[in-house]
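Below is one structure, written out as structure tokens; the observations come after it.
Per-chain numbering from 1; labels A, B, C, D, E and F assigned in written order.
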Amino acid sequence: MSLKLKALLKSPWVFHLSTGSCNNCDIEILDCLTPRFDIERFGMLLVGSIKHADVLLVTGSCNRMSVERLKVLYEQVPKPCLVVAIGTCAGSRGIFKDSYNCPVPLDKIIPVDVYIPGCPPKPEAMIAGVVKLIEKVGGSK
Amino acid sequence: MTFVYLLVFGFAATAVLGLITSWIDRKVTARVQYRVGPPFLQPFIDIVKLLGKETLIPAGASKGTFLIAPVIGISGVIAVATLLWVNQFFSEGFMGDWIVTIYLLAIPSLSIILGGFASRNPLASLGASREMKLVIAYELPFILAALVPVINAHSIRLSVIIDSQAGGVFAGSLSGILALIVAILCVQAKLALVPFDIPEAETEIVGGALIEYSGPGLAIFRLMKNMLFFTLPFFLIILFFGGLRLNGINILWTVLEYVGIVAIITVIRNTNPRVRIDQAVRFFWGPMTLIAIVAVVLALKGL
Amino acid sequence: MEMNKTTFDQLHGSIDVVAKRKGGEKLFIDLDICNSDQCDECVIKCSYFYHHVNNGMISLIELATYALICRQCEEPHCVNSCPRDALEKIENGDTLVRHTALCVNCRSCSHACPYGTIYPQIVPYLANICDYCSDRGDYTCIPTCPYGALSSVKGKVEGENIFELGNRLVVHSTHWDRSKA
Amino acid sequence: MTREEVLLDFTSRFHADILDLEDKSNTRLYVDIKPESIVRIGTYLFRNIGARFNIATATDLPPKIEILYHFILEDINLLISLRVFLDGEKPEIESLAKEIEAFNWIEREMSELLGITFIGHPDPRRLLLADNWPEGVYPLRQDYEEWDNTSDRTRGV
Amino acid sequence: MGKTIIPIGPYHPLQEEPEFFTLTVEGETVVDIDMRMGYNHRGIEKLSEMKTFENSTFVVERICGICSTSHPYAYTRAVEDIFPMEVSMRSKYIRTIIAEGERIHSHLLWLGLAGHFLGYNTVYMWAWKLREEILDVMEILSGNRNAYAMFKPGGVRRDINAEDIPISLKKIDSILPTLDMLKKAVLDDPVLHARLKGVGVMSYQEAIDFSALGPTSRASGVARDVRKDSPYGAYQEMEWDMIVTKNGDVFDKAVIRILEMFEAAKIMKYCLNNLPDGEIDAKIKDVPPGEGIGHIEAPRGETFHYVKSDGTNRPVRHKVRAPTFMNLPTYKATIKGQTISDATIILAAIDPCYCCTERIAVKDGKGRMLYNGQDLIRLSRSKTEKIRQRMGGR
Amino acid sequence: MSFNLIIDALKNPNGFFASSPLSLLCAAFAAMFFVFAVIYSLKHMKGRTGLWRYYIYLLATFIATLGILFSTTFVLLLVLWGFLGLMLYLLISFGNNEGTPESARKSLVIIGGTDVLLLLGIVLIWRIVSGDTGLSGFLHLKFGNLAIPLTGRGQIIAYLCLASAAFAKAGAMPFHTWLPDTARDAPVPVTAYLPASLDKLLGIYFLARITLDVFVMTPLMNTVLMALGSLTIMAAVMMALVQHDLKRLLGYHAVSQVGYMVLGIGTGNPVGIAGALFHMFNNTIYKSSLFLAGGEVERRTGTSDLSKLGGLVKAMPLVFAAFLIASLSISGIPPFNGFASKWMLYQGIILSAGSGGLWVLWLVAAMLGSALTLASFMKLIHTVFLGQPSEISQKVIEKKEKSGFSTLLPLTVLSLLCIGLGVFAWKIPFADYFSPEVKGQVDFPGIWQSGLATMMLISGLVIGFLIYLVGTLKKARIVEPFVGGETLEKNPDMRVSGVDFYKTIMELGLLKGIYRWAEKKFFDLYVVAGKFVAGFGIIFSFMHNGILSRYFLWFIAGLVVLCIVLI
């Protein structure tokens, strides 16, 4: 594994992208930052600008407004970057599958690296998911 | 010879110390917030990681300025740091290097501003303009505060300032204390830390001037900020504590002074909300300038 | 209104649409055709479009089935088998009622009924409803039944196995009669 | 003011505009009114009686479209719902938003989701739907059909 | 002079949810604001029409994660309003407990985020640390941290175990002193005063005109609270105060939220102590045609649901009006003349969240997972592998 | 009368002209600017009417300047001085702005007015020095080695009269108000040529001459000068911060920079004065560079209204580079030339420490002035070159026109000078040029080690680039800027023009009032005096209506009256 990748895995900065979610997933993401879970332990930081991001945490069911913007935004992340679909919504649109305003599932828009199911997934699950992702990326190299 | 100092101290040592300082800052912050905080090497890893990432250039922006801005910034810091180190260990500064230091310290802000402006992003422009306003705000009290040691030492030569504190540090006098307080707050603003993180205000303007930077560019900026995080307290120590005294028990004092300044900065940043830019300007031009003027007058009176 | 007590009216609309239909037109269903081999699945197009994929006919068939074909067992297996207590045998009304808000479409009742009364199709998860096309013009469903089971009639219709259910529906069905059993 | 007084005052004042009145329960009241009088009655309720505007709900009940304007009188805990019926082909009604700010968004929403035209609305832009949503397709109409053949109704993954 | 527009959003760290505000500014002063919504619109109202009354509860719960109690509460009240029915006292108490628990966690969440927006991350961390405790209580009581799934038309879905009550009470009691400390830390901080006082003032009349709700209006002296005005649940059973202040600025909005937490804790404790016995679910067998409304006081103000039924087991029309829908436009009134820095905190003071404002998500019913975690991970692995190959393998 | 004088002078040059190293240097600079002005005008002034007159005026100005620089008698200087004012008026009138006639008139009145003061001063000196020696004595009054002590009232008035003429020419407070207006309304090469370069050279040269050669300064006078200098720095730069017009903003900086020179001369010690003189040269360099670059912007976009500009770097990268270098110079960022001279000034200020603690004030004003200068130039850079392109600049960018030789040549030379003079500052033989003037060894307490600092900066740059190289610069990818997921293309309104950057500061308590006054021109001597004089009615309106001939009438009448009164 190259040094670059190693460093990437040790300091993944996450950017949170909500595409029409119910807030719950988003709140739980923020929760990960807070004292009980404190993802800064793993070097993760929540960043404000997508250009600083290494990991995109996508939540929500990709409504029509988001679809185009998602594509644009995905362009704007510096590669290498990983995409994590958080919650059932992002994974499969869950309950919103038939909504007139949620035309396409997330993975038809941008490539997704890992899915963390749950509605909302518990913070523990998110951390576990991201750690798994890291292991996977690290291991597969 | 200069080059050796330059590379060894100006860059490498400053960078390492700066990164460690930034780790201390993050760790203390985390502890204050009941968190564990990042592992020790985290700032280093961040930089390495950023270096490995792609450089993105905003469409329609001025490519050259955008890319060169971080370099300008870091060269400014390296120059300051070298100057300080040279004065610290070799008493080899030149006349008036105090002025040069103050001017060079403006270069990092300048680079951020240029970079922000070159990003062609409204938010970056806004952030850069705020940085600019902040610079003019804190520059006044900062110059005044930095003048106090000059008045005390009757010289604008840093090595003289260091030497004349052999008997007793300036921070021990009334004017010194006042000036130190002002200077620390100005440093807070120079480092763009809460409550003066207005130019970067993540939750208002999304990282402000740095919004468009990614990869190496961002790495350089972060490195620059971390180096400043070491350089500025170092400057204060030179001005008010007679520099690093690396002999005997004084080592302990020096470390205490340094950690003390960093700790004050960190604590301030964790116990305050961000102020508005106009409040910041008012704060620096009002009470801070007043205190600084009092300090200067006291210093002129020899207190 | 008595709480939680479902009446016929409640189920099928308190909006009295009869007055708005001229000439007291009634909908006629030949339930024998519906239940024969001819028709596997109801295919009519219902004009009641508040709900997606609504097929009002099914609710009418269900209604008629419970009223006419069901044996009204003393010990109804269907009611006993329902895990959600959605089926209720109304004593004085002599009919079976399915509470749609409770039914979860598990179809236990279909299996449980020894007489095969409850067709799986007539216990859908999302309930259907027919409002007799209130004032929207002619019944849309009639021409769309390929088997001719539906028609509209006026006045009183006489004949064997023809029953009136309420004042809007006429059904032809081979009625099971306890007295004849 | 008690409930009776309010009702009396209200009904006597707008006698000609009220088509029907349904007293549903002691906290609910439905008033059917003529569409053209909505602005007068709405502003009267809001400004003079001091009712708070809850929301308006529009429903497509072919061939008509129904709008219910819910006002609540908090002192006496009475929710008055003004009901108007509009023609489903060409639904149009005076806008209340030009009088009262609170109606602004909900009218925008109704007009884009149900295609109701609010005459004189100060800011008749889209509120919720995406930019690429076609004109003249109203998702909350009963006859709404999926228009976008690129959409994918599978579960994904 | 050409106008300058500063975008806030749609994807902005200020907001967990995408929403697009454009501030027209002169220098740093905001002269106008426009909002573009729709980034969160999921068509819930339409979805709701495709689901049964009971299933709709789940969709309604997913209108929003923070109000995952308020919406189901209002919705079930709307369904219960269609025909006269009463739910049992026990279930009312349980509903009240959950609703107030949610109020505490929501206000804490707001407090933390407000601190975060101000760059005061310590408040953010502390408030959220405290919030974890309340979430624990909720987990004890309902089995989940949020999205409790406790509500159903006619009652509640789950009972509260007797043995959980003392544990929860103890936890709530242990939170209060910390909360008190936080209150002091926030309300006495001079810098916060400087930042918040006199900022984003909404006058009484504006609050009326915009029909503002909840803390947003109560801060302007408009004493509106559905819990008092149109009592429901167990609220008339005990004494509690409605907090009203006069200044209408951001600081007052914060004060109200903080003080409300204490009231909420009081109510919760009362309900837990005096939980009556009885059924928890009055089974609804059929929903007759008709329409009903339900409105309850959510943390952010009145949540209003309207349900129209035609006698089947699904609604003909389900309209959701969340408090933010009414509160957000007030932003327009309060923000003019303020600076950009204040704009964000003013926005935050409304405690906006848009998922509800854009509700209209659609209910389709089956919230089932098609894959379990392992499957997903396996799938994602193979997918990533594919992607990697596609991208040229690296 | 003056005609005779010139004839005399031509007949006997040695009696009237003399050169010193400083005046030679000034002359060299003047020559350079003359050449640049001509070259630049070739393109910039194309298509205007009466161009031959324009070039003749330029040439005449140049010659007059040389005359002033080398003249040794007061009266010759006065005549040429007045002539220069006239030329300025004529040249400004070539501008085609709405406000041009008014601005031309304003500058003429102020400069002409101070010319009268100059005359008054000369007459006073003549009376002090030589008593009644008749007109010819007056005509041949030389100003070398007079050493008049500033003790009596007459002496002080004389000094102030002469100084005000210098101030007005250089544009120092309180006679500065013509400058920003002129900068806005005059053709750019004229601004770059006259107010930004020659007038500075002459004004400060003259100020230095009278301060050093004619009078002996007292500490009080020095303090007055320093106070005026500091005031000029601060006030002008504060005004510059909030300007909405490119050229006007530059004009205010032209004022503010003069403050430094006045401040330097006021220090009264060799270092300070040498610094001031050095700053004078530096100033002319970067200032004309700025004006020329600004002029290019205006020519291409057709406007100098800042809110209509933006993003021009794509259209004129080289102009931007020159502008950037000049901005950094003027803000005194090391290692550019502005810093080198400012550094000397600071030394001078600190050395003047004898005069109590006030030096702190001057130092802070000077240093803060630099910060504010930087701020306003950052605003310019953003508003004009960086940032989002506006509609107009979009069109300019699409046109893909290249800046021509006539623009780039002056800019390149000036930029190189900016860097060169800064980096090699310590190599410049100050002693040779300045010592004779400053009367005493330029005794530096330390030399600006620009070499060392430059080296450090350059190494820093190298390290920075190395870091880049370690990173993946090669793989740079161009993407849309991140504005929260929206795109700028779809939202052209999302443009921060920068015009209002410092509005916040403008709205701060006390400053707000001051700015409001300034906007109402309460500080504008011309307007204030105008209002005052308006009370006297006729004279003013006569003067104010002033066409050139009337001005002449007025000038000569004044002269005559004065002569009669005094003789």
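Note that in this section a residue touches a chain if its C-beta (ideal position, glycine included) is under 8 Å from a C-beta of that chain, and two chains touch if they have at least 3 such contacts.
Computed from a predicted structure; not experimentally measured.
Undergrad: Kindly list the shared contact partners of chain D and chain E, in label order.
TA: A, C
Undergrad: Which chain is most remote from chain E in terms of Cα centres?
TA: Using the mean of the C-alpha atoms as each chain's centre, the farthest one from chain E is F.
Undergrad: When all chain pairs are ranked by how many C-beta pairs they have in contact, which pair ranks first?
TA: Looking across every pairing, the one with the most contacts is B-F.
Undergrad: If you average the CA coordinates per chain, which chain's centre is most distant from that of chain D?
TA: Of all the other chains, the one whose centre lies farthest from chain D is F.
Undergrad: Starting from the mean Cα coordinates of chain C and chain F, work out the distance between those two points in Å.
TA: Here the centre of chain F sits 98 Å away from the centre of chain C.
Undergrad: What whole-number Å value describes the gap between the mean CA coordinates of chain B and chain C?
TA: Between these chains, centre-to-centre, one finds 82 Å.
Undergrad: How many angstrom lie between the CA centroids of chain A and chain E, rounded to a whole number?
TA: Each chain reduced to its C-alpha mean, chain A and chain E end up 23 Å apart.
Undergrad: Could you please state the distance in Å, as a whole number, between where the Cα atoms of chain A are centred and where those of chain B are centred?
TA: 35
Undergrad: Of all residues in chain D, which are in touch with two or more distinct other chains?
TA: Chain D, residues with two or more chain partners: 129-130, 139, 144, 155, 157.
Undergrad: What positions in chain A touch 2 or more of the other chains?
TA: Only 34-35, 47-51, 63-65, 69, 73, 76, 78, 80, 91-92, 97-98, 100-101, 107, 115 qualify.
Undergrad: Of all the residues in chain F, which ones touch at least 2 other chains?
TA: Each of 477, 479-480, 482-486, 494-496, 501-502, 504, 507 in chain F touches at least two other chains.
Undergrad: Once bound in the complex, which stretches of chain B touch chain A?
TA: Touching chain A: residues 26, 30, 33-39, 42, 45-46, 48-49, 51-56, 202-203, 206-207, 210-215, 218 of chain B.
Undergrad: Taking the complex as given, what residues does chain E use to touch chain B?
TA: On the chain E side, the touching residues are 4-7, 12-14, 28, 115-123, 125-126, 129, 189, 191-192, 194-195, 339-344.
Undergrad: Which residues of chain E touch chain C in their complex?
TA: Where chain E meets chain C, its residues are 49-54, 83-85, 153, 282-289, 310-314, 316.
Undergrad: What residues on chain B touch chain F, complex-wise?
TA: Touch residues, chain B against chain F: 2-3, 6-7, 10-11, 50-62, 64-65, 67, 70-79, 82-83, 94-97, 99-100, 102-104, 106-107, 110, 113-114, 117-126, 128-129, 132-133, 135-136, 139-140, 143-144, 147, 151, 156-157, 206, 211-212, 215-217, 219-220, 223, 277-278, 281-282, 285, 296-297, 300.
Undergrad: Using the touch definition from the top, list the residues of chain F that touch chain B in their complex.
TA: Against chain B, chain F makes touches at 311, 313-314, 317, 320, 324, 332-334, 339, 343, 346-347, 350, 357, 360, 363-364, 367-368, 370-372, 374-375, 378-379, 381-382, 385-389, 444-449, 452-453, 455-461, 463-465, 467-468, 470-473, 475-484, 488, 494-496, 498, 501-502, 504-505, 507-509.
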